[in-house]
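I've put the structures underneath this note.
Next, two complexes with chain A in common: one pairs it with chain B, the other with chain C.
Coming up: the complex of A and B.
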């Protein structure tokens, strides 16, 4: 055996992972519904069981006692027959919830940690609580709804292509570098956690932004915006889009829609599709 | 503004030989040649000439020659012509000077100071034409040991140790990351076709893999996941042979990339999933990776996304603490560590960074291999090296220094027609490689270009077999990290120490 005690390598992710047949006791399948008790499961084991349910015609899974397991929903790219799961999470899911998500629906009954919807492709994530840093990084499609606040670097480098436009709705406020390098998509920041007249917290909003739209409800000072971002007038289409999304937000989280729509909305767009086109000598 | 720069090249046309066929006019992507019907004369403009030699190669009567312009400033060892020209260019534009391809400055090339061994008398050399010679290489994590169970009749052997996903390649040479967007579709497809035919891999770079190529070429693809995450979707990850997280590039360590909007055509925008005509900006860091722990998180996110069926590579630029960084990468769970050295190529990079940042791949490779061995984790990851491999001699020396396989970018481009004019960033490649202009890209026929690439791989592989045979070794595996087969010539003590080789004659 090649090993050195002093430097021996510990695999934090896979150490002690049990094979699927040994963890089937943690899952209870009833027809198209299933319940997974995650309290004693490792990251990989939770996803092993989720994949197992998807391959066994389950449509709705409840994962209970979630204690920070990562990547929930990531291993569900199953091309044929492409099942679509609805995953309810009770507890606190770990980082990279729904990373690379391929069209499934995840509802978190609690808070989420960092990296929600990282490079997500399609589907929906609803968080009944707050979320950590780098929410929706490089998101390519689908929708994310966060009831409360989010952390730093939200919506970095979100993208879009023709009809595939990701949507992120945040009920509270966000921290710095919100929408940095944004290349597409629609983000709505409702600011419901702010006091009357209080301005949003984030600085460097939309720094390096070159695509997409940020709708910001409430107050923000010019110095909080990146220099690649401009504020433009709302048009009818914008109102239609906001109304549709806020309606959904209110349905999910049981909020008063009229009160939210009374607020002041700003539309932030990039000044240029090519922010750094002029810095080079050809 | 009147430019004060001297022309870089002089075009000389032999009027006796010129038949006014206007091939040069059509082949030049810089509008450097034109014909005056009234005078029946071909004219040319030296100001625009980049010295790509396209017109020279295609002139049917060999009437043209293009060479460095003879007019010079007063010779000065300190203020060279290149430095003065760059100063003038910046005074006229105020911009960051861009360049293409690899570092062309005279840093020491260690391959040229390492020599190989051969068998004489005391052990027989092997003739690869008549005896089997194994170049087959497996990329990925190897088990800590092999626990075998042999049946009582000795007929069956069962491997009880856990094995990790490995990818088999027929030769220890794979094509470097060059994205569709940086290079043309035809060039990209040529690499894919050649990799498939020869049984090796090509790397998508950070530009996605067109849907039309996924089924046919997926199993010969290293798909890259970089800071811009362009074209990364679950299918892209799942059709690949290997996934690679790109942290850095040898030509531009520490900085990101900008694919200018004018290169983002309809097809490229679809493959990258960004709107047509917008800049494709790759940020300098990956914004979900600020530490080894974060890197580990993305490595396992990729493994999760692909059901733990594929190895994950992490590519970094060779920088000062490369050995410690590589150790961290292996500990983070990577199956392959890819290192790109000081001379690594690029489609576009600020010249000041390309020419001044990073360390030579030879030293980086030796340091990483030694460090991983000392820590007892060398078998946990394969080492892939890139950056300035010019021939099969460089490749075999890299393997003796500890590499599992070698990435080649520039040699592949040169095989397809590239002449290293270093103007890749202008998007006007007359050879149809580094351009998206349909008039130019049509010049590169994937059937022919892939043939040239396969020929290159075949030639190099055969040369490697010859050299191995000469050393009395019949499998590339036996040479890996075998520094006894290397000796240094003209190197300082510290260089020999870092490389871990003896001086010639020792």
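Coming up: the complex of A and C.
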């Protein structure tokens, strides 16, 4: 009665993807600048064209009419000393924007979806709007600046190693599991979208966190924090770092730096480097 | 260390499924009817979320000329005419059939093994014992009878002035099969892409799932299915479609139609707040949420999910309480959208007055002639 239809499975990512020479009509290159019209392009085709521009000495690309194409900016590993691209996105990029990003710069003129900067390695992502869930998931280097709010599980399992420390700055507030299982990196949550005295929206902040630092501007109740984080005093170094990052944020999004720095900052760090180390030990 | 590269299998398709179900819903809150283009275009935009093994639509305000009659959409697997004969007899015995016809379909559409699909406009013909039932309860009982007792026949839509169209294929293929963009209009459309959880793709198993005018499209996996199903069986709902989402349709019918609970409460039954968050609420809320969790424990929907539930005049989107599946809401003029991805909304309405994402477990409720969807803005990002 129930017919198995497994054999009819079609590849929804690669089906209909055209070879590079067939899609060159969607790109216009003028010296070191280029424009890609993404309105009829599939996920892979956008990245094929971005790679094409990078290999052709283009420095600045504008991708227009983006509507949900995923993984934009991935697969752009280009041997040094080639210049890094500056990619401007007009429209709404799809999930995993800048996944594995290799030193390029992405500026989104609008909102971003889930998974911004997934396992990003180096470079910068600037979002002039809000972003969805799992921003900076497993991010291992580079910087991300989000103007407004972010969704669930921001900075989940962000990491660092020796001198490679990723940075994430969020202008608004975040939803639950902020900094979940964070293993490294620096995250700043500015709370600019909250009203005077309103507490941050996230619960379970830093659950399972075992590395890195969260700087939280504004109010948060103790019960909103996960069991694995503690609040410690800010030190000279912390203020220096916050100032530098807030300055960038204010430059990108045209905000008043002094007003932001007037706010109250909390520094959250993990209580233990191995919060679950003892659970399965015996 | 060097890895051996197996030259013979250098390129292969990954075994891992990368799809994730696409959901979309749109309502004109002034009740103005429109065609299927928006729903189709939005779901095509989220093609990467589907896999071609299922697609379906629910349309409200569909049959204004028969709006007083229950519109039954019934599929006959393998075009089983014997099943059709049994259904015809059963329906004539229990209903006045005002009109019936084969649902027009396009044989050119790229769908797999389409069944025979028929629609009946019926009025209950209650006799004897049955007279004590309300019309709605009577229809539910008869739908359950057909689904459980007549082999190869499935009622996949049974509400008034609305209808479900679904099948195996990409949603745009299913739309082409039923010619949705040409033949129909409604003031509210919901659509789903991908296929039923944990079952082979089959026509009855595609979303939306429905009973009366309640429809559900779902992304995720209901791990509490067993508990939910047993509880619903005690209330006369029998799960026959081999997949988890079905319980959601029956649960909303039970809670909202029969028990009269509002969406705002029902959403707290499905996605109950965690005990440690209840602990920090004020006394009144603590009492409410504790009571709900205790009385309706068997209807807690566990596991990752986003659903869009609709019935006449109302549509609501909700995720599980820790949001393991995405949802975005958008509004432009009289149109209010719910979607798995913001890009799909932008694909049909590039400019939006508002785009927001509610907290996990917090419903976005869209109602006709009201602005209730704005209530969810407060806790959203």
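The rule is simple: the second predicted complex is superposed on the first by the 268 of 282 C-alpha atoms of A that agree within 3 Å, B and C clash if a C-alpha of one lies under 4 Å from a C-alpha of the other, contacts with A are read in each partner's own complex, and residues count from 1 in each chain.
We take it that a residue touches a chain if its C-beta (ideal position, glycine included) is under 8 Å from a C-beta of that chain, and two chains touch if they have at least 3 such contacts.
Just so it is clear, the model here is predicted, and its values are computed rather than measured.
Q: With the two complexes superposed on chain A, say which partner A:245 touches: chain B (first), chain C (second), both, or neither.
A: neither
Q: In the superposed arrangement, does A:53 touch chain B (first), chain C (second), both or neither?
A: Neither partner.
Q: Please work out whether A:95 is in contact with chain B alone, chain C alone, both, or neither, and reply first, second, both or neither.
A: In the superposed model, A:95 contacts both chain B and chain C.
Q: Should A:157 be classified as contacting the first partner (chain B), the second (chain C), both, or neither?
A: first
Q: Looking at A:138 after the superposition, I want to know if it touches chain B, chain C, both of them or none. Which is it: first, second, both, neither?
A: A:138 contacts chain B only, not chain C.
Q: Return first, second, both or neither, reflecting whether A:43 touches chain B, chain C, both chains, or no partner chain.
A: A:43: touches chain B and chain C.
Q: After superposition on the shared chain, which partner residues are touched by A:275: those of chain B (first), chain C (second), both, or neither?
A: first
Q: Does chain C touch more residues of chain A than chain B does, or is it the other way round?
A: B
Q: Looking at the overlay, what does A:207 touch: chain B (first), chain C (second), both, or neither?
A: neither
Q: Given the touch rule stated above, what does A:11 touch, chain B (first), chain C (second), both, or neither?
A: Both partners.
Q: Which chain A residues contact chain B in one complex and chain C in the other?
A: Of chain A, residues 1-4, 8-9, 11-13, 43, 70, 95, 114 contact chain B in one complex and chain C in the other.
Q: Note which residues of chain B are touching chain A in the complex, please.
A: Per the touch definition, chain B meets chain A at residues 89-90, 92-98, 144-145, 225, 227-230, 232-235, 237-238, 258, 260-261, 269-270, 273-275, 277-281, 283, 287-288, 296-297, 300-301, 304-308, 330-331, 333, 375-377, 379-380, 425-426.
Q: Which positions of chain C touch chain A when the two form their complex?
A: 13, 18-19, 45-48, 50-53, 77-78, 112-113, 151-152, 168, 170, 199-202, 205, 242, 276-277, 279-280, 322-323, 326, 328, 341-344, 346-347, 350, 355, 357, 359-360, 379, 381
Q: Residue numbers of chain A touching chain C in their complex, please.
A: Those residues of chain A that touch chain C are 1-6, 8-13, 43, 67-68, 70, 91-95, 111, 113-114, 130, 132-133, 148-152, 172-177, 193, 201, 203, 221, 223.
Q: Would you pull the chain A residues touching chain B in the complex into a rising list?
A: Touch list, chain A to chain B: 1-4, 7-9, 11-13, 43-44, 47, 51, 70-71, 74-75, 77, 79, 95-96, 99-100, 102, 114-115, 118-119, 121, 134, 137-138, 140, 153, 156-157, 159-161, 164, 180-181, 183-184, 208, 210-211, 273-282.
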